[in-house]
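Heads up: the structure comes next, in structure tokens.
For reference, chains read A, B, C and D in written order, and residue numbers begin at 1 within each chain.
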Amino acid sequence: MAAGDGAYTPQELMVVCAARQIRDGEVVFVGMRLPLLAFALAKRTHAPSAIGLFENGLVRDTPSRELLMTMGDAPNILGAEWATRTVALMGLLAQGCAQLGFVGGAEVDRYGNLNTSYVGSREHPTVKLPGSGGGADIASLAGRLAIIMEHERRRFPERVSYITSPGYGDGGDWRAQVGLPRGGPAAVITTRALLGFRDDTHEMQLLSWHPGSSIEDVRAHTGWELAVAPEVHETPPPTSDELRIIRECDPQGFWTR
Amino acid sequence: MAAGDGAYTPQELMVVCAARQIRDGEVVFVGMRLPLLAFALAKRTHAPSAIGLFENGLVRDTPSRELLMTMGDAPNILGAEWATRTVALMGLLAQGCAQLGFVGGAEVDRYGNLNTSYVGSREHPTVKLPGSGGGADIASLAGRLAIIMEHERRRFPERVSYITSPGYGDGGDWRAQVGLPRGGPAAVITTRALLGFRDDTHEMQLLSWHPGSSIEDVRAHTGWELAVAPEVHETPPPTSDELRIIRECDPQGFWTR
Amino acid sequence: MSDKLLSMSDAIARYVPDGSSVALGLALEPLIPFAAGHEIIRQRRRNLTLIGPISDILFDEMIGAGCVSRIAAAWVGNVSEGLGYNYRRATEHQQPHAITVEDYSNYSVGLALLAAALGVPYIPMRSLLGSDIARNHPHLRNEPSPLDGTPTLLVPALQPDVAIIHVQRADAEGRAHAWGGLGICEEAALAAKGVIYTAEEIVPAEVILSDPNRVLAPAFKTLAVVHSPGGAHPSPVQGYYNRDHKAYAEYHEHSRTPEDFAAWLQEWVIDQPDRAAYLDHLGTERWAGLALREHHYAAPVDYGY
Amino acid sequence: MSDKLLSMSDAIARYVPDGSSVALGLALEPLIPFAAGHEIIRQRRRNLTLIGPISDILFDEMIGAGCVSRIAAAWVGNVSEGLGYNYRRATEHQQPHAITVEDYSNYSVGLALLAAALGVPYIPMRSLLGSDIARNHPHLRNEPSPLDGTPTLLVPALQPDVAIIHVQRADAEGRAHAWGGLGICEEAALAAKGVIYTAEEIVPAEVILSDPNRVLAPAFKTLAVVHSPGGAHPSPVQGYYNRDHKAYAEYHEHSRTPEDFAAWLQEWVIDQPDRAAYLDHLGTERWAGLALREHHYAAPVDYGY
């Protein structure tokens, strides 16, 4: 944020927050863009044994040698430890083999439900978004879900108009009621803050505001009366090691500037 | 049967009868032993475009270069046009892609039901047979079924004690009633005769007796009052070309002597 | 064995009639049969149902060209750039006309094709429970499992009329080798009534038969094989060429308005009679820039005995 | 990445406890992990459930040795010779003790493992309808399809505790290449809680990583990798050795009576501390007679970019 030696972009901080979600040895449904950089960062810092899954049917225990525009880019195939059918890969997710998954979204609500399909009504959308891809499967089936979002008020409505990827529905034990076998959002990593969910109600709550933001700023850009965790604090900034690694992975700043 | 130039074994005649079941261009679930030779014979005579399926996941449009003891023998892999998972292969059978399938059995009854599981009761079998393998799937799902049997009275009971591979149940439209999507036995090729099934009742009937046998002989070795088709006749013997090809495929007479 | 080699125009004319359901883009971002899609557009095919997992701009192009009346897919857009403008215009403003959207996720569209491939009526899954994808879908159906009463979502079998699959190499008899990220290619090839392969190379049958484990599907499912070098551009083909990221950015820029898109379509599709002309229009320098920089060969495998 | 290389005795001692459900013989006639099965017998494992499609004498050996309390399989016997005498004695005369038999067909046992691999509760099929396999089965269940009311047979997911898979080559980190006829190896590897690979060769990771499409399953499913050259004898390993047909005939002859079988077991299993000793006992001449006569290499595949 600040200029000088410690300067970093909001995206770089988000990558660091995302990497911190990955525990060593975990099998992680990676996705693209920032989570892909987070996977590379985690592998090179605290989680060297993490394994990455990709919905096109790839398993990697090393990040690709080059920055990717898509998970299907040729450098992501080379060095994969398994290149299989999407259905075989997603079956592992459905079995519960992935402890963590990342997804992005256009809108997220108070209970972590994501909309990547229809802004406005399904019949007469004001914006037709691309849809689920594998996101709804990851949200349904991963052990924990980490959501990556731009923090704007219009992207944080109290209730999304369309649930593409289920979070906690309307809270409480909704997931068990509808039959989802596990999971639910554990973290929402935004351009302003890191958020989590209360254990009981599963309502979103602010865990830490990013340097330059504040509790007030985060709440002002959230479309409901956002709860704040008792232990709320400022997000620790990236270390210089973390920044160095991120910049080695994305030297042009394609995803992080 | 007879000595001299035209001499042949019962197995050789059975191979010829089996080959005649294969129509050109058909996709055939081949199996092992005599049907495998029948497939090779048909390919080299009237059905050059027939395709062979094997339940270990193979598709072949040429017979293997060597005689096989099992479908998994290495010569059966070499030159296969597809070597896949059993489930993917059997899925094609389930879709209805195989016009014909071959199975053998220990017992077959009046309505073409096969037992390859338990002689006597399931709880206290007098003989435990190896079981279905893929036979019950082929009998359930192939377009037509050709059954290969030794013709002995004990192998032709009026009603099998255990239906491993469904034929026509107790006749009529039983297959449709139980939900089988298609198929049913079209031919029973035995050491004594070729038998078929009536279109309406689906009861087995004698179509032709093999040279050296007779209507009486066949009925004497069948465990119920066997019906006889109006057009019943003697089975045409193998031609010298057919015999030559069979003997090229099985020069030691491993399956045919 | 019959020779199934056809020109692209003959293959599309013969096997992709108006009203067909067509699965394509099945490997997700790579091996997208753009050349086939462009021929479908040139032949002015109408009322197609497009089936796929994600679609990286090809569906958007075909929607904008007016070929499509129905989409059964998990994601339609531009993977590296975001939204698909033609998809938006069709769904938001019925331009060039209205389309019906059947939303899937990647897993559920894969399972729908797998169910057809297995010859089973449906597969009961536990993904998407509670989502609006499940609630609004014309085919997905919430049912308790007869085994224990817990909720499941039944994914009915989906059988495309034809799957169009771009591969590295195929033989004239209808067998293909594909490698890299393959997505739901196999499920679609086995599920479809028939398959059209478009291939970088046509090779002797011995090449394909040398490695039967790598064959995608049996030849009796194959309708046609089309020699189409460069036929996946701008998507990548492992071992042949890389993704042309710039082309996706350009498409994004040049499809913002219907007028922009019409000009883009004229330039890149209508005015190019075939893929050779297209690659020529792309230019040798740009094409060379996508070429392999390194070879990485698979370790030898011996099928001998 | 952790090193998962273990000796056969350690792998079996650690990962195949009494009472386990064990899937093996998954490629049907080839790649049968006889060396692993013999080690299980030597370690006097008890109350195992054996899961497989057909089993070409290995299940019969293990039943005769008293390791097995339950069989979930499509076929148990001796493929080139016929019946399995130990299987008959166990089911007909409860010798050496009674076993429970859950009869499947090849398709249904494959679908049961596939359901577990897909994380779905069951797969509804139309095979076996009307059969006594369906009627007598403890798990298969006749239910009308909720889609149209037609009969289906639900095949519930079957998750083995461990799958033991013999392969041509594996690396120490737990990744394997297998080729040839593979039957239900993949379904079992993905369905099982963990996998033990026994391999003709242990190769550097680079060899396996050079061809990710040929890898059977991800390493995080792998419990152990065992170097076991000749470990599939008498079954064949494509590219390594042929089937020893004579061994199946000999086994048939020498398992007719419990006494015959006890002597056979003593000679070929109990008295051989490991596979090297077994092959030594087999004799170099007989082993050499099974060697490859011709190599047939797969056509090159380039993963470069």
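In the analysis below, a residue touches a chain if its C-beta (ideal position, glycine included) is under 8 Å from a C-beta of that chain, and two chains touch if they have at least 3 such contacts.
Not measured: the values here are computed from a predicted model.
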Farthest from chain C in C-alpha centre terms, which chain would that be?
-> B
Whole-Å distance, chain C centre to chain D centre, using C-alpha means?
-> 37
Distance from chain C to chain A - Cα centre to Cα centre, in angstrom | 28
If you average the CA atoms of chain A and of chain B, how many Å lie between those two points?
-> 58
What are the residues of chain C that contact at least two other chains?
-> 111, 118-120, 125-126, 150, 152, 179-180, 182, 186, 208, 213, 236, 238, 242, 296, 303-305
Would you give the residues of chain B that are in contact with at least 2 other chains, written as numbers and ranges?
-> 58, 74, 77-78, 83-84, 87, 93-94, 141, 181
Think of each chain as a node with edges to the chains it touches; is that a line, ring, star, complete or other?
-> other
Chain pairs that touch, all of them, please.
-> A-C, A-D, B-C, B-D, C-D
Mind pulling up the chain C residues that touch chain B in the complex?
-> 1-2, 116-120, 175, 186, 190, 208-209, 212-213, 215, 217-221, 303-305
Chain C partner, complex, touching residues on chain D are 111, 118-126, 141, 143, 145-148, 150, 152, 154, 156, 168, 177, 179-180, 182, 203, 207-208, 210-211, 213-214, 236, 238-240, 242, 292-305
For chain B, which residues are in contact with chain D within the complex?
-> 32, 54-58, 69-74, 76-78, 83-87, 90, 93-94, 117, 122, 124-137, 140-141, 162-166, 169, 174-175, 178-181
What residues of chain C sit close enough to touch chain A in their complex?
-> 27-30, 53-54, 56, 73-77, 79-80, 82-84, 87-88, 91-92, 103-108, 110-111, 114, 125-133, 136, 150-152, 179-187, 235-236, 238, 242-243, 245, 248, 296
Report the residues of chain A in contact with chain D in the complex, numbered from low to high.
-> 27, 49, 51, 58-59, 61, 74-75, 77-84, 87-88, 91-97, 141, 181
